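Think of it as A, B, C, D, E and F in the order they're written, each chain with its own count starting at 1.
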Amino acid sequence: MQTHIAKRVEIVIEAPLERRLTDALTAAGVTGYTVLPVLGGSGRSGQWSRDGQVGRAGMVSVVCLIKPERLDGLLDAIFAVVKKHIGVVSVTDAHVLRAERF
Amino acid sequence: MQTHIAKRVEIVIEAPLERRLTDALTAAGVTGYTVLPVLGGSGRSGQWSRDGQVGRAGMVSVVCLIKPERLDGLLDAIFAVVKKHIGVVSVTDAHVLRAERF
Amino acid sequence: MQTHIAKRVEIVIEAPLERRLTDALTAAGVTGYTVLPVLGGSGRSGQWSRDGQVGRAGMVSVVCLIKPERLDGLLDAIFAVVKKHIGVVSVTDAHVLRAERF
Amino acid sequence: MTEILSLAGANLISPIILSFALGLLAALARSDLTIPEAVAKGMSIYLLFSIGFKGGVAVSAHGIDQTLVLALIAGLVLSFVLPLLAFGLLRVMTGLSAIDAAAVAAHYGSISIVTFVAATSVLNGRMISSEGYMVAVAAVMEAPAILSALWLVARSGSGEARMDPGLIRELLLNGSIVLLVGAFFIGAITGEKGFAEISAFIEAPFKGVLCLFLLDMGLIAGRGLRQSRGVLGMGAVGFAIAMPLVSAMIGLGIGALIGLSLGGVVLMMVLCASASYIAVPAAMRVALPEANPAVYLTLSLGVTFPFNLTLGIPLYLAIAQAVTGA
Amino acid sequence: MTEILSLAGANLISPIILSFALGLLAALARSDLTIPEAVAKGMSIYLLFSIGFKGGVAVSAHGIDQTLVLALIAGLVLSFVLPLLAFGLLRVMTGLSAIDAAAVAAHYGSISIVTFVAATSVLNGRMISSEGYMVAVAAVMEAPAILSALWLVARSGSGEARMDPGLIRELLLNGSIVLLVGAFFIGAITGEKGFAEISAFIEAPFKGVLCLFLLDMGLIAGRGLRQSRGVLGMGAVGFAIAMPLVSAMIGLGIGALIGLSLGGVVLMMVLCASASYIAVPAAMRVALPEANPAVYLTLSLGVTFPFNLTLGIPLYLAIAQAVTGA
Amino acid sequence: MTEILSLAGANLISPIILSFALGLLAALARSDLTIPEAVAKGMSIYLLFSIGFKGGVAVSAHGIDQTLVLALIAGLVLSFVLPLLAFGLLRVMTGLSAIDAAAVAAHYGSISIVTFVAATSVLNGRMISSEGYMVAVAAVMEAPAILSALWLVARSGSGEARMDPGLIRELLLNGSIVLLVGAFFIGAITGEKGFAEISAFIEAPFKGVLCLFLLDMGLIAGRGLRQSRGVLGMGAVGFAIAMPLVSAMIGLGIGALIGLSLGGVVLMMVLCASASYIAVPAAMRVALPEANPAVYLTLSLGVTFPFNLTLGIPLYLAIAQAVTGA
């Protein structure tokens, strides 16, 4: 099976910022992303859990597969959204099927 | 701690196809997989969200850790399921504890 | 954008052990982690699904980004918790923004 | 005519319809109002269980009507046949590909249980009784249309429909069919006594739950409409109004023919006129992945569903009353 | 005897039992019917809150019976002792390892609150009153059996039970115990006045919610049975029927001895006879990870639970009536 | 005074307050009792829909009061102005930074709909009627305070508030505002007839659902308090008690001035005295990310909310009765 190199970018961000982040991704030319729910976590701003919350509380994890050459532009776009906010951004080398999609 | 090289395969696929995919994984000799929920996403087929849906709508993310030598057979099996469908497949190099499990 | 090398450790573990695992991570000096829900899966102990469950059943996925030099200590701490339990541990090379956080 | 309008008017200002409208408007205005998936599923389980159970209780009370078998057969045949009609209309009225047209046709041959429930509500409000087994007819009409659609695709040679052995079992043992039919049998077995035990749960709060469920339907329909703006031509929208009208007339004829009561005839019309947006879309993703979901979901949930809910149901009732002379 | 059978027959065709059967059949037929986890948890919170609250209200109405303390102590002791009996029976009747046998034993020493609720329902249906504080007895019986099981493992030397300091606190402050006991106190404090305020929520829809909850239990039990086919021998299945019968007799003796009413005796029998499938399995995953969940879940949820629900409860009631002469 | 205390005492032993206390204690004792997020959201949707609908029905029954417009304007102005007062008090009483103080101030200018609902419950229990449109006033008071807070930050020059164009739309079309206002209009349009159709859903189980919702609030407040131990000084805690008292007095004056009924005055006091913990925190994460959530959530949900729920509401009622002589 033919695979193609890509980058997998994973952004854990506060849920109220989700739309702003995905708008920024789209503006940066990303062709797709996937949003995963997060149950809870811990970091410099303490521990939290989604249980029983009512508002748009908590965090989400946004995963984005992109062509390697797009990475730099993308990270700039992401950083503009997350810089003042809690959350983490990580990048992993990956291979994808069907490169024409990215 | 002794770790062993492995591949981490992540498949984002439409929920109605989940059983077909996991059947194909099992048939391809995979010893295990984990299914994660997906809240929403965007791709060539547009944007969607799980909110308020009633049917088996939306997508799931299936993660599968395997021995590297199994990768090719596995990708073929996956591709047979996803080829006509929306969704993405990515592969990352990984290390696992307890290699005897894979 | 300046990125820093890191390790991404992913632990799929039974939900009743979640607190013990995160306590162990914290004790091992981890500065943060993220807990993702798991819908279902399959492994040596059979297939399971979260649907309709009432108790603290099922599994969760704990993701932890750390400085590479912390990996060994961390894996030991994790292994002490998971060794008798079902579940899998995988490690991937990653890059993170904002290294001061890890 | 004025009577139909006043009927429609009275229908329009019920909490049920207004809740749907609220959801629609909120979504179109891009409010972040959402109902969690688990809550929406929970409400649909509640509605299916209640409606099935009440149908069963009605059957246990009134005995099995001689027309029961006829009605079931009629439902089965209609669900197989209506997609052919829909397919023909679509090929004439729209420029949809054979695959998209077949996928849409599957939706219109199947049924919308919420439209059925809303119609039951309207009938109850007017004190018009209906055959309890109509929920069994609804269950019978869920799946066959999918097979017709796959046959249409195979015949047109325009793509291979994915018809793996698991699909038929999935269609027949689909969760909503099993729950509806199962609750029907529970109601039929336990009868009035069983009903008395749980009516405070399945009867009293029913309409209120329906309001919140329709709020959710409105939100989903509104988000769908916003995203698929421009996907559909006037022809397709015209189809989504014409098809329920034509189907309702067929349902009227068949219902009268097999001797259903006024209420039963109306429900048969509603079953024919309504289009699926839960079971069939999931099946289409498996069996006809090339078909565009934006097309069939928008037509079924964005156009036909609100049409039936607001104008369709009172219209069908008025016509049935005129025709049966009741 | 014929009376027992007719009692059992009447019990069998209640909506509650039939809902369980529907879930079981749907799962065995591999339908995709599921109830979302959040909805299932929501229903269990509702049931625990209601049953606890109603127990408290009953205590506030009838005053604290002199047998209250005796019943609590009896529950505590039984929960510690029944696992020893279960362990002995298992070692004789089955080839389970000491660890698996101990894990199973923990389940049978603890209780199933849903079985308790179903029994209350049956008693209510027969106008048989019972001591409100029996829910407190139920709460007291949830956890001790786990400690007995761990002691059995330690004694048999066949593996180290994981008994970290956090475990005891987790057991005592387990969500379902806290909710049950907390609601009990709220009911006891607010009494009839509090009950009047919220009875439309905690009383009227109770049986209906129980139906949907048992539908879910049926689904889970059915899926479990399907997956663990072949795991269990006849001996184990025999244990899962014999154990509740023996335990119920012990509960009968103790209940009569401490002077409970007919209803109270039946509930004590049901508490002894029922096996946990929520709190104990989670504790076993922490404390006895080597024990095979397929074994204890299948026995407890797949065999004993349906047995108690269908035949057990009417049988215990008939026996208690015969013995107490009521 | 003794009357106030006995009123407060009666209030304290209602199931609603005790449920909150149960949640609080369970969380402080580190029980694992939790309510799933989807269930909590479902309950809040139910409460907003019910309270909005009932307000609308009341308006349709009593006609539009001449004070309606005055009350809406008063609410709007108060929501803009109260944050300035809160900010001033905070700068005097605590050592909070300008940004943290502004974030807290936004919460106290906005409202807590659950406190409002609890107050309505108390009024109903005492047979005191109130203006139905007070729910519209509540909706109007949700968002403006946020703008005041951002203006305070901008003026203090101590950081840039993030005021992107999307934010205002998000605030105005916030899900809870849309649902509350939408349900209000549905109630106003369908009136008593609509209410009769769905009252078994929105009225009968209301208080019971409120109990479970407050159980959840107690759990969240308790977990928040446990985690933020040490974050807050005595000054901040003093503010969280003083501010509602001062705001309530302002609400009293304004309410009496514009001619609200006794019930209306009490609700206006409660709106002024209560602090948001759902809509405003989310907005703060977007607009003032540097502000510390532990500070504003603990004050609003951990101190002011329980204060209002237990002592505040009966106190405001007693004062309003004394002042209006009713």
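The criterion applied here is as follows: a residue touches a chain if its C-beta (ideal position, glycine included) is under 8 Å from a C-beta of that chain, and two chains touch if they have at least 3 such contacts.
In this text the structure is predicted, and so the values were computed from the model without any measurement.
Hopping across touching chains, the smallest step count from subunit A to subunit D is 2. Ranked by distance of CA centroids from subunit C, the top chain is D. Put simply, the chain farthest from subunit A by mean CA position is E.
One simple way to say how far apart two chains are is to compare their mean CA positions; for subunit E and subunit F this gives 41 Å. With centres taken as mean Cα positions, subunit E sits 34 Å from subunit C.
One finds 45 Å separating the Cα centroids of subunit B and subunit F.
Residues of subunit F in contact with at least two other chains: 32, 34-39, 41-42, 204-205.
Under the contact definition stated at the top, the residues of subunit A that touch 2 or more other chains are 36-37, 56, 92-93.
Contact annotation for chain pairs lists A-B, A-C, A-F, B-C, B-D, C-E, D-E, D-F, E-F, with touch applied as defined.
By the touch criterion stated above, subunit A contacts subunit C in their complex at residues 10, 12, 36-44, 59, 61, 72, 75-76, 78-79, 82, 88-93.
Of all the residues in subunit F, the ones that touch subunit D in their complex are 36-39, 41-42, 45-46, 49, 53, 169-170, 173-176, 178-179, 182-183, 185-186, 189-190, 194, 197-198, 200-202, 204-205. Taken together, the subunit D residues at the contact with subunit F in this complex read 13-15, 18-19, 22, 25-26, 29-39, 42, 125, 204-209, 211-212, 215. Subunit B makes touch with subunit D in their complex at residues 14-17, 19-20, 45-47, 49-58, 84-86. Interface residues of subunit A, counted against subunit B in their complex, comprise 1, 3, 6, 8, 22, 26, 31-37, 60, 65, 92-98, 101.
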